[in-house]
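Got a structure for you, written out below as structure tokens; questions coming shortly.
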Amino acid sequence: MSKKILALLLGLIAILAAIVLLKRNKPSADHITIGILQTASFPALDDSMQGFISEIKKELGDKVIIIEQNAQGSIMQAQAIASSFKANKSISGFYAIATPAVQALKSEIKTRPITFAAVTDPIGLHLREEGSNITGATDMADIEKQISILKILLPNVKKVALLYNPGETNSVILVKQMKIALEKYGITYQDNGANSQADVAAAAQHAVQNAQAVLIPTDNTIASAFPIVRQIADKANIPIIATGTAEKEGPLMQFGVDYFQSGVQAAQLMKKMLVDGIKPMDLPIVAPTSSIIISKKALEKYGLEIPDSLKDSVSLM
Amino acid sequence: MLSFLPVVVGILERGFIGAFIVMAIYLASRVMKFDDFSIEGTFGLGGAVVAWSLLHNTNPWLALLLGCIAGGISGCITGLLHTKLGLNKLIAGIVVTTMLFSVSINIGGANVALGNAPTVFSALHNSSFASLILLASMALAVAFIFIWYMKTESGFILKSTGINEQFVTSLGKSVPLYITLSLIMANALSALAGGIFVQYSGFFSAFGNVGILIAALAGCMIAELIAINMFIMALFGSIIYQLIIAITIELQVEPSWQKLITGLLIVVILVVKKLENKKIKGSVAA
Amino acid sequence: MINLENVNVEFGEFKALHNINCSINAKDFILILGHNGAGKSTLLDVISGRLTPSSGKILRNNVDISLLSEAKRARFISRVFQNTNMGSVATMTVAENLAMATLKCKTAGFNFAIKNFPQQIVEETLKPLGLRLEELLNTPIGKLSGGQRQIITIIMATLCEPDILLLDEPTAALDPVSTENLLQFVHNFTKNRNMATMMITHAEQQAKFLANRTWVLQKGKLESN
């Protein structure tokens, strides 16, 4: 019996060794290898990935080799990938998409540079402490500005429903800031949590029954079940105001965090670190270029008009 | 070869952490015949409690102990739901897991980084093997405690409960007590794994337990394939599972297929097992 | 020693046991006969505590035990089932099963269980049987034949000196030779003990020699006492 274990163990280790040695022994003197760790497959995160790849290829051309890994939402898997990355000495820089990915990379990789995108609270995650090898692009939008625009566009709204997954750190942080801003503008609010995609419909139903508008932060759970939210809100005639759902239609107003652009920014940071040799701590964290998109269709539907004071700061779609 | 060693160290480290969950699954599903879904939830709970404790300046070892206790209490609740309220085993586990998600995010937050809080590993960062040795000795220590326990009077009754409840009743022992006891131990183990993982990776995420159950189940089945003593095999099973995962990572298998691979792995193990059984039966007949 | 007073067991409309009054004394060996469905097993269930009577009392030394759980009654009431698998743990060895059976007399602690193995059983009971059971001590009990297993089960059931041993068709799953052996064993094993024995059987002729009393149950009623 113990022979069998030994054989199995040795066999697997041999396979692993063969793959590692075969794959990694390529000379990489004139190439730059970049390891990408994406936390899970969500539209916003996929955008960040594409933005990064297109920009890094533009900057570095054929010299760049990209190793793409996706943890499929499993933290243990993210950790396994990070440790595989750590062992792969041919990788010179890392790109982490979303919070768990950057945390996993942070715990394993201490010297080589890491950039990130789709992370809301880099300071709270201790990513920028002295001597850190990490910088990147946050997706923290200017919440207060958004709420002020909301107030101008929908002056009659007295109560909004916040729809988000309390298990997503990005949402929790954004919602906290939204509440502060809402209080400042005298709008009351109500929490509607959905812990999984299956709960989104129920939470949305509750949201539209109790408020005059639904406010959605950057939230992967809600975003991936967005069509159902839209349906429910449409039926109840309640406008949706969202942050970066990557949905073209539906929300009356969208504070677009352009995730593709975040990926581009992360790629630029990566280039500065790898090619220009700038230290990560000398590269400040980049904020997203946020745009405010208002849906023409929705405007008509709710019989609204954009006040003159806003016309310059929003784009119609 | 130098680039290969850290891969193996990583595999072993994750394997030893996973071994606690494999032992938990073995204890619940195999010894007690109680497929307890809440083991996935208590992994998160253990992590949340440990993260909270560390951020409140608790000694990291004490934090692990608190995590274990929280896991044990949760296991006790699953047990009571089944034995006292008569909830179906699967449903009791699912109900508790669902509740634990809320408990965990309220204790630990959706995602929290430990920052510079001391962990059981932080003193060891000088040597690359120190963490591995620490994890290995913890896993071995727990395995030996269970090997010892299973030989005691109480352990005998616990084993018997999973096989023949009527017999345990005939011995004048309480079946519900021993079912609950096994769930307390299994969930404390899972919470311990969650706590160690948080200290190892430096952060807690509310979704950190996603996929834990299936990974541990695969580890458990690999372990059974090579069984000598299950608690020692738990270590091997978990390590071999991590090896296989590492191979898929190194091969850069399209990530979206990875869950299918885990599922296929389990099917393959079942088939191998079945073939082996036939071989044994065949030789007896011959 | 054990007295049943006006015991009724009802499942909805169906009366499984009807006004049972009887007493069981030390050293009694009672054969219980009756057709299938006459209430034989139900009678043992109600004594051992698997069932709670719908009405009536079960007294042990004049103390009412009818609300005591099965596990609590196990200390003084032992039961052997017709299914040979039910009285032991199939995956454990004969020795381990015997060691475990001694735990009925005490709380299970953290000593090594195998240390409780009742060594005297080998010389006093197993060897005189001449069935070479003592050579099977380290075999998983599930690998034993039904007859061998039932003998071990009866030894296990009596290790802690119960007041009463309930045998529910212990020979039902056995071939004629094993049945003969088992009945002989039961006779020799019980005759010098202080405990009472109740045995359900369909093999009335073969088992008659064991008994000092015979009860017949018919449609839930005790016909002869």
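Chains here go by letter, A, B and C, matching the order in which they are written, and residues are numbered from 1 within each.
Just so we're on the same page, contacts are C-beta pairs under 8 Å (C-beta built on N, C-alpha and C of every residue); 3 or more make two chains touch, one makes a residue touch a chain.
Just so it is clear, the structure is predicted and the values come from calculations on it, not from any experiment.
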| field | Maximum centroid distance from chain C, chain identifier (CA atoms) | value | A
| remark: Highest contact count belongs to the pair A-B
| So which chain ends up closest to the centre of the protein, judged by Cα positions averaged per chain? | B
| Taking each chain's centre as the mean position of its Cα atoms, how many Å separate chain B from chain C? | 41
| remark: Distance in whole angstrom between the CA centres of chain A and chain C is 68
| request: Please work out the Cα centroid separation of chain A and chain B, and write it as a whole number of Å. | output: 31
| said: Among all residues of chain C, which ones touch two or more of the remaining chains? | reply: none
| If you look only at chain A, which of its residues touch chain B in the complex? | 1-2, 4-5, 8-9, 12-13, 15-17, 19-21, 23-24, 41, 67-77, 79-81, 83-84, 86-90, 99-100, 103-104, 106-108, 124-127, 129, 166-169, 171-172, 195
| Any idea which chain C residues touch chain B in the complex? | 70-72, 74-75, 78-79, 81, 85-92, 96, 99-101, 103-104, 108-114, 116, 157
| said: Looking at the complex, which residues from chain B come into contact with chain C? | reply: 149, 151-157, 159-160, 163-164, 166-167, 169-175
| said: Under the stated contact criterion, what part of chain B meets chain A in this complex? | reply: 1-11, 13-14, 18, 101-102, 105, 109-116, 197, 200-203, 205-212, 215, 226-228, 236, 239-240, 242-247, 249-252, 255-256, 258-259
